[in-house]
Amino acid sequence: MDDEGRAYGRPVPDFDHDLVAVGPGTPGGELLRRYWQPFARSDEATTLPRTVRMLDEDLVLFRDGQGRAGLLYPRCCHRGTTLHYGKVEDAGIRCCYHGWLFDTVGRCIDQPCEPDRGRHLERYRQPWYPVVEFGGLVFTYMGPPERQPVFPRYDIFEDLGDDEELVVIDHFAFGGPVVAPCNWFQTHENTMDPYHVFILHNAISGPQFHPDLRQWPTVDWHQTPDGVMSTQVRRLSDGRTLRRVTEVRVPNVRIVPTPTLTVLGRTNNMSWAVPVDDVTTKVYAVVRKRRGEPAQGTAAYGDGRTWFELSDEEHQRYPGDYEAQVGQGPVTLHSEERLATSDRGVSMVRRQFRAQAEIVAAGGDPVGVAFNRTDALMTVQAGNYVTDEA
Amino acid sequence: MDDEGRAYGRPVPDFDHDLVAVGPGTPGGELLRRYWQPFARSDEATTLPRTVRMLDEDLVLFRDGQGRAGLLYPRCCHRGTTLHYGKVEDAGIRCCYHGWLFDTVGRCIDQPCEPDRGRHLERYRQPWYPVVEFGGLVFTYMGPPERQPVFPRYDIFEDLGDDEELVVIDHFAFGGPVVAPCNWFQTHENTMDPYHVFILHNAISGPQFHPDLRQWPTVDWHQTPDGVMSTQVRRLSDGRTLRRVTEVRVPNVRIVPTPTLTVLGRTNNMSWAVPVDDVTTKVYAVVRKRRGEPAQGTAAYGDGRTWFELSDEEHQRYPGDYEAQVGQGPVTLHSEERLATSDRGVSMVRRQFRAQAEIVAAGGDPVGVAFNRTDALMTVQAGNYVTDEA
Amino acid sequence: MDDEGRAYGRPVPDFDHDLVAVGPGTPGGELLRRYWQPFARSDEATTLPRTVRMLDEDLVLFRDGQGRAGLLYPRCCHRGTTLHYGKVEDAGIRCCYHGWLFDTVGRCIDQPCEPDRGRHLERYRQPWYPVVEFGGLVFTYMGPPERQPVFPRYDIFEDLGDDEELVVIDHFAFGGPVVAPCNWFQTHENTMDPYHVFILHNAISGPQFHPDLRQWPTVDWHQTPDGVMSTQVRRLSDGRTLRRVTEVRVPNVRIVPTPTLTVLGRTNNMSWAVPVDDVTTKVYAVVRKRRGEPAQGTAAYGDGRTWFELSDEEHQRYPGDYEAQVGQGPVTLHSEERLATSDRGVSMVRRQFRAQAEIVAAGGDPVGVAFNRTDALMTVQAGNYVTDEA
C-alpha cells in the first residue's frame, strides 16, 4: 500500500471571498449593486406583501392599489415591525402595528396615532430601492443612488411583433429546483464551461438535451469588452456544422441558447444568476417567443422524467447541473481546485469579475453600465448557428 | 426617481443589550432574578420530571411523592446525566444512571453505589432554586439567596369567596400561541402602547376585542413608584365614559383589564411576561373568577376564528399581537427606531427598567421587593371603569 | 428555606477538550488516527457511492467493479464536486462533472476533457485513506502513512470452524438507535462503570438484561498494558459464582461479554466506539457465532418491548444506556463532575487515554500498535465465567 496522497494532513481549505460574497460592502457585492438586478417575477408583486431576499438583504415587495410595485426595507422605521404584515392601500403600504403609511418609494404619508396625523412626515422615510419591470421580471438597483445607470435595452428583446411576447422561466438553470443552495458564482461560471455538457449531460447521465450535443466539439473562448464568449463547433451527422455560441456579461448575465436546439440562429433568451445570499442562488431567464407556443424544453433525467420524479438514489445515478453545482458545497473551496486546460473559460470569467470589482472599489464605474438611454443597448451574439460548411 | 432615503449604505443595526439580555450576569437578567417569577403551571409539576427553560437556564421541575415541587439544575452533580430521566420517589428524585437521590432542595440523601450508601452525603448538593405555588402557577426565585424577597401578595387576589377561584390562562398575550419566538421586552412594553389597539386590533384587522375599543381615546401615562400606568378615556355610544387603566410593574408584571370588556371595574387578572431566553417569551395570566364561569374571551381574527385556524396568508391579512411583536424580529433593533409622541409610555417603561437594573448592578435592592410579609402587598389600580360623566 | 447550594452564581461549566475532540490535529483525534478504525459495514460499500463521516471528516466510500472498496475525500481534486454523485466503473469512480476517474487509492487515471485525456495524470491524486475489510466491517487508517500499523488479529476471532461466522451488530451499545448524538468518550468510559448496571438497568428501569445481573457484585478494576479490565464477582442463586470480566483497550475498543448471559466462558464479541464527530457516536460489534443461530439478545424496556416502541414518556420512565449517555449532553461537562469511589474505572480509562495521547503528541507510537504481523495479536480475557466456588 503506498503512502502518497493520503487525506491525512491536508491543508485547511479556503475560498476566494472576493468572488463569492454578495453582502453590502463586499467587493463582489458592490460590483453586483452597480447593475439593475432581477429579484422577483412581476406576478409576485401583489397587494399581499412578499418578503424577498436579494444580495443578502431582506426586503418587502408589494404592488399598491394604483399598480405601482414598491420594494422597501422590511422593518418599519417607527418601531420595527415587518411590513410583511402591512396592509396595502391605494397609496402604499400601512404598517400593521401603528398604521404608518409609506408609498412605493418609502415616503411616509400618514402617522394616524401622532398629533395631526404627523406634523413632520417629511422627516421620515422608509429605506427603499427603485424598481423597474421588464419582461415579466421586477428589477431593482441596490447601489449608490448617484451611480444609478439607466435601465438597459437588450437587442434580442426589442421590436416585438404583435404575435410575440417575453415570458419568464425560472427553472431553467438547474433542470428542476428554482433555487439552489449554493453560491451564485459556481453556478455562473458553469456557463463558460462547455466541456461538462459531454460528460455530465451525456456520458454520465445519458443525453439530457439534444442528442447532437453529444458530439465532441472544438471549443474556444475569447474575452469581450464586457464579458466572455465561448464558441463550440460540432460537425453534425448530416454533414452540416453547428456553431454554438454562449456568453456571460459582467457581472451576472448569462446567455445560453437553448440546449435542446429547438431554436436555431441567434438566441431567443437570456438569464441572470440571482445571488439571493452567499449560499443561495436563483436563475431567471427571459424568453422571446410566439404567443401560444411553448417556451422551450427542459432537461430530461434517467428515462425522460423530470428532476422532481427521481429518488435520492436516482439523483446519484443521473446527476444534472443541480447536483454538480450544489455538490461543490455551499461555497466551493477554491484552494483545493486544480484548474486545467478545459477550465480556461472559468478562469477568464473570474479574472474579469475580480478586475471589475477592483474598479468599483477604486471609485470607478464598471463596464457595461450606461447613464443615458442611447448607450444602454446590449447586443447579443449567442446562438445555435447551423451552416453548410463542412 | 429621487435619490433620498435609499436602503443602500444604511448603518448596521443594533439593539440595547441591557434591555433584552436575560441570562445570568446581564443587567436585565440580574434585575429579573431579584423577583419571584412564574415559570410553569402547577399541573406541570408531577412525578414525571419536566425540563423547563427560564431566564436562559435549563432546569428540571418535578413533584415528589409527598407533593412538594422541586426545581433543580438538570445535570446530576455526580456524572452529569440529566435528571429529566430521573425517577421520582417519595423523598425526591433519583438519577437514572447511578441512583443518587436528591430532595426538592437539592440535598443528596442516597448514593447507593458508594460505600455505606455515601459517607459524606452532606458534601453533595444538587444546584437548586426555591419554589412557591400560587394561583395555579409555580414561581421561583433565581437570584442571590441573601437578597431573596418574601413572596408578594396581590390585593386583587386576596379574600377569595367560597365560590371564587384563581385560574391560569397561558394563551392570553398572543391571542393564540402560548410561546412567542421573540424577546420578552418587546412584548412587555406593548402594554404601555395603547395606540396600537385602534390600529392593529381594529383598523388593520377588524375588531379583535370589544367594539367600544374602536373609539379614539384620550391617552395619558404617568410614572408610579414601581411601574408605569396608562389611562385611556373614551366617550361611549350610550353617552357614558370608559376610563381604561393599564399598568406595568417592574420588572415584568403587566396588568391589562380584559379587552373584551366582559369585566368592568377593577381588573380581575394580572400577567407576567416570562423570559424563557433572549428570544423566547411566554405570558402567564392569573384570573380571579367565579367557579363554573368561563375565564375570559380571546381575540378574534378575520371572521371570528381563532388564531390557529388562519392560513399564512390570512395571518398577513389579519395580524394580531403575535404577528406585530414577533414581526419586530427575534430581538427588535432599537438603533433603527424613531420613537414618536405616541410612544411615550414605551419610553417610560424602558427608562424605569434601565434605572432599576443600574440599582441592582450597584448592589442595591430594586423597587417593589419586600423582605417581610407586611410590606409585600401589591395594590392594583388597573380596570375598565365606566362612569356617567360625559 | 436555606441558602446553601443554590443554582445562582454557579461557575460556567467546561469539558476536557483533550478527551473529547476527534478532529485532525487534536490530541485525542491524533491518538485515534494511529489505529485501524471501523467506519462502515461491508455491505454499505457498493457501486452507489456513500458519504460517510468519521473522526469529523467527510469521506466517500464505494466499491469498484472489481470488488475493491475505496475511501476518498469527497471533493473532486479538479473542481470540487462531490464524488457522492460519481459514477462507479470497473476501474474506480468517475466525477460526474468533467469525468475525471480515480481508482480506489485516489490515482487519477482519466481526464476526458483534457488533451490526450490528461498528459500528466501522475500529478493528480484524489486524497484517500486505505481500507481493510474484516468481520463484516470496513476499517480505515486515517493517520500519518509512515506510522501505519499492520491490521491487528483478534484471538477470539481466529480459527473459525466451517459452521462459524463473524457478523456485525450495530445496535448493540444503545439498545436501540445505532447512532447516538453525544461524544464518543462518555459512551466509551461507560464500559468501565459496572455499577450502573444495577441502578440503570435494574433498579430504575426493571431488569433489561439477565436477571442474575441484579445481584450486587464485588467490583474491581486493574490497569492492563493496553487498557483497563474490570471484574465483577456475583454469588448466583444456585450457589455458583459468576465472574464477569469486561475490558477496554486504547483507544476505543470495548469488550463486553453479552449481558444477557446467553454466552458463558470467554466472550464471543468485541466492539468499537466509533467517533463520527465530536457529538456523534456509533458503536459496531463483531460477534462470532454458529451459522444459523441468532447473534445475541438485546435490552428489553418496560414490559419487554424494544427501544423504538416506547413513547417519550416511557423513555423517561424506562431509561437505558441511550438516555443515560445522551442525557449527559452532546459533550459531558467534566468541570461539574464529582467522581466518587465507584468511578475508579472511569478515571483509569481517562488517565490512560490522556497519557497515550501525550505519547503521540510527543512523536511516539502509542500502546497496542504493531508494525509486523507477528506482534499484532490482541488477546482477549473478557467473559462470563461461572465456577462452582462459593
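As written, the chain order gives the labels A, B and C, with residue 1 at the start of each chain.
To be clear about the criterion, a contact is a pair of C-beta atoms (placed from the backbone, for glycine too) under 8 Å apart; a residue touches a chain by one contact, two chains touch by 3 or more.
Values in this document were obtained by computation on a predicted structure and should not be read as measured data.
A turn of 120° superposes the CA atoms of chain B on those of chain C, with the angle given to the nearest 5.
Chain A and chain B touch with mostly distinct residues; of the residue numbers seen at this interface, under half occur in both copies. Averaged Cα coordinates give chain A a centre that lies 47 Å from the centre of chain B.
Among all residues of chain C, none touch two or more other chains.
For chain B in complex with chain A, the residues that touch the partner chain are 1-10, 13, 195-196, 198-200, 203-205, 313, 315-317, 319, 323-325, 327-329, 332-333, 336-343, 346.
Against chain C, in their complex, chain B makes its touches with residues 24, 33, 48-49, 57, 59, 72-73, 75, 77-82, 84-85, 87, 94, 96-99, 105-107, 111-115, 124-130, 142-146, 148.
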